[in-house]
């Protein structure tokens, strides 16, 4: 949360459309990858220049340009103006704190999505921003870093008879969105596993740490929820968009993605319930434990306090105490003490305290 | 939850429409059962081949094909392409983690529903997926395993003058949906019974186990809720669908199913309230018990601690202690002690602690 | 809850429209009462046969048939088919677990409402089902048992110049609905009183029973809520129904009933808040009490434990203890003890623990 | 709550439109005040008869009749029938348990509002019902008692050039509604002050009373909320009403009242949050206090219990105890005891318990 | 809260449109600043008179008048009537307790927004009211005090080729709104930081103060929420307004502000969750601490109470106690005591209480 707020602040006071990269600046260079394909042939170019990309965009074939890294203002700015992208679109691409959204710029459709990633080292969930631009004959995608998110799509494109090769850029764009939504479930599964572990820890060996872990997980789920909820809206808008850029046949497939996004939403909602339940469980486990401790204390105290009193009684130094001088006084007292202890134990047993 | 997430993951990276069975693979073979009927005659074939089914579908009579088992990709794929089903439809049928839904493919209507079943051994609720396809002259149903869910419909079909025989495939489809919704109530009744038992346990003999049972029941109800809620939507959509496949007379009956689905929803909501109430009750029972233990401890301690002090007092070895040498010192001290104890008991009585 | 679930289950697997009475079977016979009236004359027949009823229904006057008892499948079935009622309507009338609803069968309007009744013996709320059918020239009402719910309407009908006599069957139907809604407030007032009593009990003499009573009241309110909420929907639908059966002048009166149904809803909502508040109050009263007990324990223990220590000190048997032999040792020790006790009491006073 | 329920019950079983005053019957007589004004002249009559009022209503000037007291069924009935008011309208005016609402009777608009008043004696909020009827050339207002709610409007009417004089009855009606809504804020401020006081009490000197006060305030806020919420709806409906009775210029002013009603709603919502927060705070203050008490108990007990044990040890009467006879035994033991006490205190210090 | 209620009350009973400044009256004088610009030239006048402003407003260039300070009724009244502003608009400008809103006065658009500011001294959030009027060729802005909120816009206006210079007053108005919304994030970041600090305090050194700080922060967030929520509505209305005053190109930019306002809303929602979580955490930390204290008490008491009993036993003065005279009695007793203590420690270890 705090991180994204700090990022946002970097922009305060700047004119709209100002190209400022908001986010962490990685070291690697910005990389342009181009794939140009039709039903019959396919062609891939890595590390192209902006110039190189433009020559492909006019062809009747489908052109997919994937831009990896968005921290180079000059390059993105040049690319944008050459391809003819709206300044606000470029600003949104470079400001990596965007909420998922879909803007209809009539001749192009601009989609911002958040890619969920699971960081194995921190066991935490991070997200990065992916922007997609769907045009008449092209799709442009911008990613923050070069994870192979789109690897499955690359592979399918290189298969000669795959469905994706026979359809237009809208189907390609759908495939990319589908890919990102599918990725959500990989992350959700990790969170699910961690919740299971937390529950095991709670039942077996709860400690103060457990409470903090539950609180952190709860907050992570809250923030995940904020990321996942807008997704449904975007996909729904994409599907019902009144535009010739999306063909009727693709809409059916988008409906499928829509179902998945609802499933992701419901999963995160149930996580919320579960994490809330864990907190309740922690609280009652703690009070349970307290109860048990109190029981032992009460047991020991209520048995020995009266006995000690009796012992003290005969420790008094009064001159005139007949029992003291009696031969069986000591044994009688011991007997009384044992009787009291037995009665107490029996009473506790009946009360189900032992 | 976790199970369905793991199932989903099997599909990550696959192209849409890819026929992959997502779910547990049972041993039994996929079985096709066909019933072909009109007002005057009825005919049933078990264990038919795909080829055998097709010959019936062109006839003017109503054809119902029930496919038991959906784990054989080849057979389902062949069946689908021969009958002319959309690839996405086939994918949804085989991916058993679907949310209940209704898709309108113009010439057919595709319904996915979740059948709730009560597992007597685990006393837990499980669900499986049932897919229905309503066409012009046929209904095709896919079930995961061969429980006799549809047995009541089978029986009614074989009665000569039953209403179901006189109407078209839409009424058959309605009957199947009605059957599944009715099944919900059988399961809900089991859950209701378990909640009653839990409450009895809470009142009579609450233990740490009880807390975990309540938590589990609560989570089960949350997951049941996720299954039942979309049902209302599906039935409502079915009823208001703008399609010639559903006749006006059938819509009235669908309205009835709609009422039942709302009743199921309200029942699950009240279960949620009840399970939440059980948790509150557990917490207050526990703190109640703690109170009682504390009271005993306080009683014993506050009575005997002062008495012990007095006894210790006269256990001191000072040379010059006049009371010690007095003849009635011992009896006087005992009297004072009894008075103090009586006063304490009286005080506690008035405070309503005893 | 559980009762209505069990009732519902009796119907599982039956064909739709099957006439099965779902509910408790009372001993009394089904009774048909008929009132036929116009502005100028009125006529009442008790214990009519089905045949007898039919002869009145064709007349231009308004006919009201009240059927008391719905457990006789044959009679209801015969009545239904003679009058020409839809099978689903008859099924709904006999299945006494219906949710309040209004179905528009074009030539008739079918209303199911739940009548709330207060059972003085159990101090609990029970409900029964009332079905109303509004036709062109008639109203048919079905009640489970013969409480005199409609008595006020009977009386008004027999007054020569009452408004109800000058209007059509829609106004009669409105009067019956109004009667049922008014009845809600009688029951709500009882619940209100019980909540007041519970609060008094909580403040004056809370016990473990109180907790269970609150929990039960809370659950009763939850179930009442489920009964009352659909009412608003039914009345609203009735009022805005696009049908010639309801005249414009009657709609104004229905709007009035609508206001009352909203008031009932708001009352039950505030009951929910109140019962939740009672639970909170119970919890804090309990922890309050615990606090008080702890204070007494701490007081007694912290005062006497140090004193006892001092007494024990001089109870030691060391040979060389100069204080022991001092003449004023005993009195000095007593003085020290009293000082300590006074200091403690003063400290507690300042801390506001006494 | 309970009061309004009891009031309502008085009406059970009566025909609709029956003129029965539901509410407390004050002693004073019903009073009719009439103001008749145009841009140029104004005229006021107090204690008019019904007859007297009618003569003014036909004039082209704006007539405002204010009826103070609504408990005289005959007078209200006569007034209603002479002016031509609908029976339901009269019934609503006399039943003082109405929810705020606006009914459009085409030739007149009927508004029921609840006036909030702060009772200084009980420090509680009470409300009474105000009904307004807006006609073509008149406004009629009914109030339960004669507080000077409308005093500001009276004053402004008597100013020669005030805006209210230049406009029609709709502006007068708006002014009355505005007056009532403004009155809400006076009451809300009182509640706000009480919440502040409660918070001060909580921080400085919380007692069992505080809990009950918070609970009562919470319930009062819940009931205030029920009164304030419908207001927004009424004003919104008034503003957007499709009627020639409300002129376009007045609608702008109504929009202003709408903003105020939303502000009132938000204020009451924040009160709800605050009172909930107070309850949480009470609970944690209590457990805080408990903690502190426990700490003192533990401190005293854990320090003196071991010391007392040592003292008891050397109080034993064994013959053969070498330490007893040692010359420095007593001083050594005292030294050991002081060391243990110091160590304990140091340990508690480090644990931050002191 | 309380402050704004008190402010509001100042207005009770006044006629609508009455110019009364509701708010704190600062000392400084009201200041008018005017900027008149077109694509080619720009001109700024500070401390102009009302007269001076009017002469610019008729020119075809874009005129921006910024009024700093709104407490001078006469000046604002004169300004309003000369420029031709609606009385209600002027009333709203001077009443500084307005909720954010947008009113469409056909020839002008009136926007009220709340500017959030962070008060470093109190570490609290304060807000002031900013009113904007968008006309055909002008924008008028009213601010309560002269913070340099609009400084970034001033700077950009003075740049020759900036986008803002080339567009009309609607773009200027958008820039001002954007400026205010951006300011929200600066404040939200401060709140975020404070929540982080509170969490650190909770984990490291929780005290009674911490609880009050959390409660205050929670209430601040509730009030911030009330300020931020209406913002979304205003921006959304602005964007979709059916008016020629807002050009199509500007709407795209407004959509961008809309996204930001949603982001602000989500941030404040997550703050709510976090502050609620802090409260839960405080409660469980406290009960955690209590547990730990109880454990030590139980440990000490359960070990020493039995030992003291044994010591007291042999402190009894009975004549006939064989152990007393035994030579090894003392050492045997010590051995038994050590065994008991060891057993206890071992038992506690196994129970994981140490």
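Per-chain numbering from 1; labels A, B, C, D and E assigned in written order.
Just so we're on the same page, a residue touches a chain if its C-beta (ideal position, glycine included) is under 8 Å from a C-beta of that chain, and two chains touch if they have at least 3 such contacts.
No experiment lies behind these values; they were computed from the predicted model shown.
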item: Other chains in touch with both subunit D and subunit E; value: none
item: Between subunit E and subunit C, distance of the C-alpha-averaged centres to the nearest whole Å; value: 43
item: Distance between chain centroids, defined by C-alpha means - subunit B, subunit C (Å); value: 26
item: Residues of subunit D whose C-beta touches two or more other chains; value: 287, 290, 294, 297, 301, 305, 308, 312, 315-317, 321
item: Ordered ring members, subunit A first, subunit B second; value: A, B, C, D, E
item: Residue ranges of subunit D touching subunit C (in the complex, touch as defined); value: 1-2, 5-6, 8-9, 11-17, 86, 88, 91-92, 97-99, 101, 103, 205, 208, 211-212, 215, 218-219, 222-223, 226, 279, 282-283, 286-287, 289-290, 293-294, 296-297, 300-301, 304-305, 307-308, 311-312, 314-317, 321, 323-330, 333
item: In the complex with subunit B, residue positions of subunit A that touch it; value: 151-152, 156, 162-164, 175, 178-179, 182-183, 185-186, 188-189, 192-193, 196, 203, 252-253, 255-256, 259, 262-263, 266-267, 270, 273-274, 277, 280-281, 284-285, 287-288, 290-291, 294-295, 297-298, 301-302, 305-306, 308-309, 312-313, 315-321, 352-353
